[in-house]
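Chains here go by letter, A, B, C and D, matching the order in which they are written, and residues are numbered from 1 within each.
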Amino acid sequence: MTDETAVPKQPDYSGLKAVFINCTLTPSPAFSHTECLMDMVRAIMEDAGTSVQCFRSVDHDIAPGIYPDMTKHGFDHDSWPAISEAVMASDILVIGTPIWLGDVSSECRKIIERLYAHSGETNDKGQYIFYGKTGGVVVTGNEDGVKHCAMSTLYSLGHIGYTIPPQADAGWIGPIGPGPSYGDEKDDGGRVGFDSDFTQRNATFLAWNLMHMAHMLNQAGGIPGYGNSREAWDDGTRYNHPNPEYR
Amino acid sequence: MTDETAVPKQPDYSGLKAVFINCTLTPSPAFSHTECLMDMVRAIMEDAGTSVQCFRSVDHDIAPGIYPDMTKHGFDHDSWPAISEAVMASDILVIGTPIWLGDVSSECRKIIERLYAHSGETNDKGQYIFYGKTGGVVVTGNEDGVKHCAMSTLYSLGHIGYTIPPQADAGWIGPIGPGPSYGDEKDDGGRVGFDSDFTQRNATFLAWNLMHMAHMLNQAGGIPGYGNSREAWDDGTRYNHPNPEYR
Amino acid sequence: MTDETAVPKQPDYSGLKAVFINCTLTPSPAFSHTECLMDMVRAIMEDAGTSVQCFRSVDHDIAPGIYPDMTKHGFDHDSWPAISEAVMASDILVIGTPIWLGDVSSECRKIIERLYAHSGETNDKGQYIFYGKTGGVVVTGNEDGVKHCAMSTLYSLGHIGYTIPPQADAGWIGPIGPGPSYGDEKDDGGRVGFDSDFTQRNATFLAWNLMHMAHMLNQAGGIPGYGNSREAWDDGTRYNHPNPEYR
Amino acid sequence: MTDETAVPKQPDYSGLKAVFINCTLTPSPAFSHTECLMDMVRAIMEDAGTSVQCFRSVDHDIAPGIYPDMTKHGFDHDSWPAISEAVMASDILVIGTPIWLGDVSSECRKIIERLYAHSGETNDKGQYIFYGKTGGVVVTGNEDGVKHCAMSTLYSLGHIGYTIPPQADAGWIGPIGPGPSYGDEKDDGGRVGFDSDFTQRNATFLAWNLMHMAHMLNQAGGIPGYGNSREAWDDGTRYNHPNPEYR
């Protein structure tokens, strides 16, 4: 059992950088429920010294596609290269998505597609470019689907090289059926969802686990470079993989 | 760019312990395609010094349910407590599942349910009991669904406290439609799927990333205990979560 | 616009047969929240004259596996053949599942696997054996995942030959986070979830749409037997599929 | 057993209308692998007399959002109203999507969102506007995910009112790992995937089952209007739903 005195001192994570991408369908300056919950996570991170840069994807002219820069593939404009530069310079990525019909938004899929577009790039260990970074997800809706959206998004991040710390999702939905969304004003002057102990706890754990993992990975110089270099593999290194034909 | 000489020395991970749970529907001693691929991952881990203990769930009398020991809830037998003891004592958990209708096996869901049954237990930091451990997944089928099975299983592991390293899944499927499964003997004496560079690479990366992450977490004494203690949260500690009512 | 007088007369569906399979993890006689909601759907069907036969899968000794009768594949007992006989004799199948970690129960996957085991059987038109039947799903949990469970289960039913009518799912979850489940007694003497207009509506629409579709399919003698006979396809019939090599 | 002489006469479905929406990320006039497989389905339908209208969503300026016409919600342009008019006038909807990271494309999610935007509209029976229509899906990728994409898309169509006939998906993927896509030219002059008996069969069954179901629904005047009118429900009609408080 722990007691209050056993709570460790708050770590100082002032060297860490995070990028938040909000995949709401609602352009600024309109209110985004998803952003409202992302702001909780952001506040915790900033309080710990981590710098946070936020993008609302629908505000930017991000082309659809699976290349790092779609202006080289027939599109006149593409805001992704600027956003991806921030992602590449950061330790932490948090994707936020609303839920539509139980699944992530089209904006969320577009961001995943554009991140995936970099899967051919490698770091100086020959690992996929996102190795050494850590990622999480924030999901809001009025009804159902937080876990489904989280599993799809976290899997995508892991697939391209992100480390996923424990409990890397936070979300809010109301009771089943249509209803108000996170952050909507209530008649009593409060805000919908702000009283959810569950959502507050998950947002807190998400924020801290991302920072802990990012710090740990930075201290270790990323994921060790043995057994996972795409470049070395392509050059023939097999890292003692058993020769299966002769087993 | 890397070159052959730049491949780092193979780490010695002789202190690590892994548990593999194979969720095939086929009881021993019959051949399990999923186990065949899990054995590749196991061989890499054992070669690095990690000890690996394997269970085929369907061979054991594991009760359905959501409590750690179902003999206390009306079942005459339950093999889970013995298996869970091994899981608790290990650093790494690898779940293997065949694909049926594009999704994980019933045995896989049963294992997930029984792991989830421990979500009320905490470690000496007050974190969920699986914090500090790392997990991955192996998936085989003859047709389609590796990623879907992986995202569901990895999400479940992350939800209960496991850290998911990059590219924490390996799998094999054949071309679309019914066909042979991983490890089936071919007319030419070879084995189906053994020639898949993609599967070999993913199995290798999976094995090494799990060991790297387990080692890193062990070195760090697990996930730092700030901001993620279920016990401290329940005692009222809020870790600087913003008081949302006053924002 | 409709008005009260425009509500059509209730159809008489006394010739229809339905099978309900409840995939709770809780054996009888303990209360099943999922069954509690399935009973709403059943009451509507029975009121319309449809006969309903119910199974709670965990009460039966159903072997894991992918064959119609696992006693022919090494298992001592298997209750599935008796249940599958009822399924084969019915027009409607309703699967009920609780939600665990955002996904269906292991019992639900086991039932899907056993249904899939019949995918090699065909009716007298050469179609898969479940053609001409119609299916739906009921999902309950205390937190999140109705749609995810529904999409997986309905897809499986459709894949093996069931027709899925509109809005073929009904479910209930509470607000995000742990909490009471459907049908739990409340302090005021009521039952949790019984006041959900959304759940009541979906349960009603599910019941009626299944009966309408079953009746329509019965009237039509099932799905017409052109373009979908597995037997005829295997015999070489191509139903004017374009010869793609020469397009 | 069937024999060739038992194959029924090909039905004439010349009165039916279908809309195909291809959710590739690739703008015209570039080749779309997904369209290549959709064209197989289209050819079968057109041969049976059904008229088919095709849209490639990325060629159109479809706004993100959840309203039928986003020009009334701050967007300068929105091509959706024209496309939705075609959807509303048709009996059949086929959505095609490529697979990215095991899931549907962002364009596919955008189309689902815009279809969902009409969920407040009802037909003259008070049912959701898509009642009486039938839908299916075509999926292509080079690796894995046909069933996952199909289950998500078909569920969305069912949720808004579409009837899903048996085996309402067709797809193609190659062996696991990166590789050529459906319709790519091969060295021998053939086209990738065109020799897949499985894909041909599923495309054929999909086409015919959609037409059979559309015809059956047209003959019946749609789904009968008892037990499923949103308008009547909102007016208080309960269709014999049991009064749960008194059970």
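In this text, a contact is a pair of C-beta atoms (placed from the backbone, for glycine too) under 8 Å apart; a residue touches a chain by one contact, two chains touch by 3 or more.
Because the structure is a prediction, the values reported are computed rather than measured.
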### Task
Would you mind working out whether subunit B and subunit C touch using mostly the same residue numbers, over half shared, or mostly different ones?
same
### Task
If we define chain centres by averaging CA atoms, which chain lands farthest from subunit C? Would you check?
A
### Message
Taking the mean of the CA coordinates per chain, how far is subunit A from subunit B in Å?
### Response
22
### Rounded Å distance between subunit B and subunit C, as computed from the means of their C-alpha atoms
31
### Task
Would you mind pulling out the distance in Å between where the CA atoms of subunit B average out and where those of subunit D do?
36
### Multi-partner residues of subunit D (each touching 2 or more other chains)
101-103, 147, 151-152, 155, 159
### Query
What topology does the chain contact graph adopt: line, ring, star, complete, or other?
complete
### Touching residues (chain side subunit A, partner subunit B) in the complex
1-4, 6-11, 39-40, 43-44, 47-48, 125-128, 130-131, 147, 150-152, 154-155, 158-159, 161-169, 190-191, 194-195, 200-201, 203-205, 207-209, 211-213, 216-217, 220, 223-233, 235-242, 244-245, 247
### Message
Please output the residues of subunit A touching subunit C within their complex, sorted ascending.
### Response
101-103, 144-148, 151, 171-178, 196-199
### Message
Quick check: in the complex, which residue numbers of subunit A touch subunit D?
### Response
25, 27, 30, 58, 64-66, 74, 100-110, 112-113, 116, 152, 155-156, 159
